[in-house]
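Consider the two complexes below, in which subunit A is the common component and subunit B and subunit C are the respective partners.
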Partner chain A sequence: MIRYLLKRLFWMVPLLVGISLVSFLIMHLAPGDITNTEASFNPKASEESRQKLRELYNLDKPVIVQYGLWLKRMVKLDFGTSFASHQRPVFWETKDAEGNVIKGMIQEALPITLLINVLSLGLIIFAAVPLGVVSAITQNRPPDRAITLFVFIGFAIPGFWLALMLMYWTGVVNDWLPISGIHSLTHDKMSAWGQMWDTLTHLALPVFISGLSGLAGISLFIRNGMLDVLHQDYITTARAKGLAENTVVYRHALRNAMLPLITILGLAIPGLIGGSVIAESIFAIPGMGKLFYDAVLMRDFPVIMGILTIGSALTLLGNLIADIAYAWADPRVRRGVM
Partner chain B sequence: MERPLLLKHLSLRMGILACMVLLVSACGKAPSGNAADFDQSYPPTNGGTLIDATIGEPSGLIPMIAGEAAASAVASNIFNSLLKYDKNLELQGELAKSWSVSPDQKTITFKLKPGLKWADGKPLTSADVLFTWKLVTDDNTRTPYGADYKLVILAETPDATTFRVSYANPYAPALDSWAGLQILPEHLLKGQDINTTAFRFKPVGSHYYKLEEWKPGERISLVRNPNSTQGPPRIDRLVSRFIPDPAAQFLELLADNIDSMTLNPIQYSRIVPSREDLQKKLALYKELGNNYTYLGFNLKHKPFDDIRVRQAINYAIDKQELIDGVLLGLGEPVSSPYKPGTRWTNPDLSPYPYDPNKAIALMKAAGYTGRDKEGYLLRDGKRLSFDILTNQNKQREMSAVLVQRRLKEIGIEARVRVMEWASFIGRFIKTGDFDVVLLGWGLSLDPDQYSIWHSSQQAPGQFNFIGYNNPRVDKLLEQGRLELNPDKRMKIYHEFASILLADSPIVYLYTGYGLPAIHKRVKGIDNPAPPAGIGYNSYDWYIPPPLRRNEISQ
Partner chain C sequence: MHNKWRHALANPLALSGFIIIFSILLLAALAPLIAPYDPNAIDVKAILLPPSLQHLMGTDGLGRDVFSRMLFGAQISLLVGFVAVGIATSIGIVLGAISGYYRGWVDVVIMRLVDVMLSIPTFFLILAVIAFLTPSIWNIMIVIGLTSWMGVTRLVRAEFLSLRGREFVMASETLGARDARMIFIHMLPNSLTPIMVSFVLGVASAVLVESGLSFLGLGVQAPQASWGNILTDGKEYIQFAWWLSLFPGVAILLTVLGYNLLGEGLRDVLDPRTNNTR
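Up next, the complex of A and B:
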């Protein structure tokens, strides 16, 4: 097991280098650089000064040399500083001689995105498992039809439209929830409980919206898994033994039907750090989706590469964790691994 | 028997009452909300908080490095320049009490106002101005704005309130450039690397406000600076919330969570006027636009080198239709690259009228005599057919479609191609690989347009990318840079604008109004807006105590 783990971890290194090289090249395929986007059409910004900036950022060198410079920094886990954001550190905070701390861009965007994604993933699983199970045991009868219809409407409805409608209904027409942002202006003067409540009410709509669209996939997955399992011989056996229907469904069927969910959750780990640009813009949440989108538009290469690197490392790790969890949950797989 | 019943009754009624109170308190969130009459007038008082929303977050608050609009909007409340533009867009002293130009027009001497102070109480002197000039011209400073200041060959400070700069040749845009350079404190920045200093997140300036708190991703709040060099402002605190989505901003405005935002034409002329509750609490303003939209030809490509083709297209486009269709009437046609109604605009010029017959006649004269089966004009058996390139910008996309339709009517085939900005610049503008673009230029306050129209400015990355070349215009642009006398300068630029209009290297389409909506609790705003816009006297705006929000007015 340990050897297997070490082997997998070791192979991640060349894989990561390969991924970063391809990302770096693709990023440079898009025309333009930071000097085209920053002050690009301001007649006061001269071409000479833009050329000077290009040299400062090494953008005048061949792409492969730039990649080498980037890799050299990355070996020391130095993600560099942003072009567009006033030289802010891309990943983690830095401290200057006078003790002023400047926070990293990913460091600031990551927690809120993680929080929203974990909450909405929790919401999805919390809602999808019962929905999927009910759907399966009432297959093709009205409850199943109703649930399928509901989750598909949730999947198909444009998130930004629903978000705006809900913001209008819960924030303008009624005063139930805040409209946008993650804290009230008076947040700092609240008690600890008040602050938590304040944050929760701000997050309610974003979490609901992002959960709603993910519900369809997972609940249908559980429904189909359950249907497969319910037709197996051992379920017939369990029923023949005279076990209660609940025991059959929840003890014998559900546990086996949940196995493939592990893969899905493993694959969802890298997704946890990616936010939705549209949801984050509408709700004014300073998260990862907006950070990445803005970085691409501004051609802010260090930020793009920072997020891609962390994302691909997490994807590889997520796959590994999913494999291990699978081995833990399923004896058949375990024998193959060890 | 009686009592329990009565009690039951009572408790029921109490319950309903409690529910109603809950409901009412839930609805009437604004404490001053429905009861207050926002149209009533009040005497000016100090205090209160103004909350607005911006689309972007500043990347830092050192204006010479963070060039984006979000940064300059906040920084302009924190830092001063030597000069500023007044309500009629004429130059006026800000830190400078006065300034004088030497007889040979090569030296400008600024006299600072006495007793100036930074927000931290330290004196602000000419040494700070010199320090800022050194910073902006330093090769290590990552600024794209150094060019104007590098023309200074000698900068000196004879005493603490005098700052003198000399140029090798007279340079008329110099005064405008000194209105654009915000002065930074030497005592806090000396010896620091301006590109990475923590000062960019906790600036100390000299203007009306100073930074109170910056919550990344959420908001910036500024409070009154007691040492302000320009006297105290009336409103205590300015809060800017970062809300990237304009629709979400509008919802926050409806819910009374922000006091001001810039509307789009639909919100301005359709939504707000149709709702009485909004009319009661929102005041709408109309400002001159800061830029104009144009259709530009690549003059190095055939047939756009032919003035008749360019003029034909100019006559074929109905500018009023664009203003009505794209801006819902909230714009003006332009015929020179300056703000309408200011001194630099030549009052004798007017846009090309919509005249399809004249357009067709001009096309015929240019050799487009045939027509094919679909009705397109032909020259040597070929249609005039091109792409109109523009970037992702709703108004420009809509304009391009209307232009396309009008061109089709006279027999010119145009396709609209919309692109992301960086690709647009990198792939098409810098390489000169385009026929026609639909873009915008700023309506600059200084009339100098050398970098856009002078024939020497055509190298890749420079701004005369359409390749305009007219010796007389070159001459005028050179003269205009050497002449510091405003009246003489005005004549030069009036002639320049009239040649430009006749040559038709671009088709001026329109300039749209800025459309701010501000809650009526904010008083003291000029309406109609002067040429400089409503913001010129924002220090004199006030919020009467009965109209303030409860939650945040302390």
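Up next, the complex of A and C:
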């Protein structure tokens, strides 16, 4: 297990270098001096802050040196300060001259996005597994057809449109759910349970929207996995020795069909993080996606680079956790058989 | 091959996908002929009219005819879909072929590059690039193309790796065929089926990405109509004008559904491996 882990960690190094290179290239996409682009789009960027930016990214030095210095700052998780919101630190809190703590922008936004993503993942697993199993054991019969139809629509429906429709239906026409932000105005005066309920009702729609296409994908995946497994010999054996159908399906087949789910969920992370842009900007949720969207509109360059890097690092971390979980669940992997 | 196509259209999934896509292609191609109004003509006397015989899908906040804008929006969404996926597929074929044919360190480098691109959240990557360029329909196509070639690359590589072990390929190699002949005459034509399926499915997701970007105001720019930016207007008027939000959403849904059905149907029919299980 330890050898497997070390090998796995070693492979992350070239990936990290690659990610930093791609991000570095993007930052040099802008024609000419990035500080000029900055100034032309963002009137708030003063000559002083442009000078600061030039120093920050060492734009006067050769490209290789710039990359080296930038890499060094990334390793130290130093993403600089935002242009648009009064020099707030992009990543983590710092103290200003008077000793006041200024919260980092990503520091505040990240937990919200993580909460939404964890809830979406939960929704995906708890809804997709039963859907996939039912679909597989009723293959080509009405329940399977209905679920397959749902899967295709789930894939095809534009999230932002569904969000708009649901907002209109549940928030404007019926007043069932709150449609923006993560708290009510009266949140601070509520009891602990009330606060939790308040947050949950605010997050219900965004979680559903960001989880829907994953839900469709994973239930199709479970269906096909189950169909594969159910045709294998050991299932026939289990049936032949007279086990109840439920035992065969849930104890023997499902456990094996669910194994690859771990990897698939790991691979779904970049989609979930990226998808947060649309859900969060529609529902005005102050998470990473909204932060990123606002930064793109304002051309708030340090924030864009910071989120791009942190988002990729999170993806790598998610994949790492998925691989470790897989190795833990399947002894063949950690012994290097597969 | 002809037989295969006839077979494909007998598949109900593929057939219904084909019908949807064909109708939308037809409407887009005939847009200038059938659009009852100029899609950008502002009419202050006809602001936010509900659907009627004069305006089949109503009018928007500037009095423009939504039906005409939808027709021209169809052109945009198809154009972006095909060009973006065309770019992605070309990159994928070249890199995948090199990777799978030459193997060795070239393969390792290309596959690591694929891993790197896959670890950056795609929508973030697209938005970041757009932040530095100006949003325009051409930039959108290029950016979507440059950020979605990884799947095809892996696919073509896997096909090439498995073809390399096949007898007809080894025979040709033994006869001294040059690399170019091996790649273009023997291996690529035999990989076309999965490439085609991934192309069709790719167009579906490109259409979704384009409409999402346009909805956020970072894609096709006004006054040019796209389904995404009609929806942006719809969001403003959602309480007074449901038709502005309903029609573009349904159009995107149907288009994406059509490509997905066609792609999955083609996969079912053309790929002998999945024929038995489904």
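Here, the second predicted complex is superposed on the first by the 265 of 338 C-alpha atoms of A that agree within 3 Å, B and C clash if a C-alpha of one lies under 4 Å from a C-alpha of the other, contacts with A are read in each partner's own complex, and residues count from 1 in each chain.
Methods note: a contact is a pair of C-beta atoms (placed from the backbone, for glycine too) under 8 Å apart; a residue touches a chain by one contact, two chains touch by 3 or more.
If you're wondering where the values come from, they're calculated on a predicted model, not measured in any experiment.
Novice: Touching A:299 in the superposition: subunit B (first), subunit C (second), both, neither?
Specialist: Both subunit B and subunit C are touched by A:299.
Novice: Report for A:185: first if it touches subunit B alone, second if subunit C alone, otherwise both or neither.
Specialist: Only subunit B; A:185 stays clear of subunit C.
Novice: In the overlaid three-chain picture, which partner chain does A:231 touch, first (subunit B) or second (subunit C), both, or neither?
Specialist: The second partner, subunit C, only.
Novice: Touching A:290, do we find subunit B (first), subunit C (second), both, or neither?
Specialist: first
Novice: Which of the two partners, first being subunit B and second being subunit C, lies in contact with A:72: first, second, both, or neither?
Specialist: Neither subunit B nor subunit C is touched by A:72.
Novice: Taking the superposition on A as described, I'd like to know which of subunit B and subunit C A:152 touches: first, second, both or neither.
Specialist: second
Novice: With both complexes overlaid on chain A, does A:164 touch subunit B (first), subunit C (second), both or neither?
Specialist: both
Novice: A:100 contacts which: subunit B (first), subunit C (second), both, neither?
Specialist: The answer is first: A:100 touches subunit B but not subunit C.
Novice: By the touch definition at the top of the document, which applies to A:108: first (subunit B), second (subunit C), both, or neither?
Specialist: first
Novice: Do subunit B and subunit C land on any of the same subunit A residues, and which?
Specialist: Of subunit A, residues 30, 37, 164, 167-168, 172, 281, 297, 299 contact subunit B in one complex and subunit C in the other.
Novice: Show me the residue ranges of subunit C that touch subunit A in the complex, using the header's touch definition.
Specialist: For subunit C paired with subunit A, touching residues are 112-113, 115-125, 127-133, 204, 208, 211-212, 215-218, 231, 234-235, 238-239, 242, 245, 248-249, 252-254, 256-257, 260-261, 277-278.
Novice: For the complex, give me every residue of subunit A touching subunit B.
Specialist: The touching residues are 30-33, 35-53, 56, 81-82, 84-88, 96, 98, 100, 102-103, 108-109, 112, 164, 167-168, 171-172, 174-176, 178-183, 185-186, 280-286, 290, 297-299.
Novice: Going by the contact rule set out above, which residues of subunit A touch subunit C in the complex?
Specialist: 14-15, 18-19, 21-23, 26-27, 29-30, 34, 37, 152-153, 155-162, 164-165, 167-168, 172, 224, 227-228, 231, 267, 270-271, 273-275, 277-278, 281, 292-293, 295-297, 299, 301, 304-305, 307-308, 311-312, 315-316, 319
Novice: Please name which positions on subunit B make contact with subunit A in the complex.
Specialist: 26-27, 29, 51, 57, 59-60, 62, 65-68, 139, 142-148, 177, 180, 195-198, 200-202, 215-219, 239, 241-245, 247-248, 251-252, 254-255, 257, 420-427, 430, 439, 441-442, 444, 449, 451-452, 459, 461-463, 551-552
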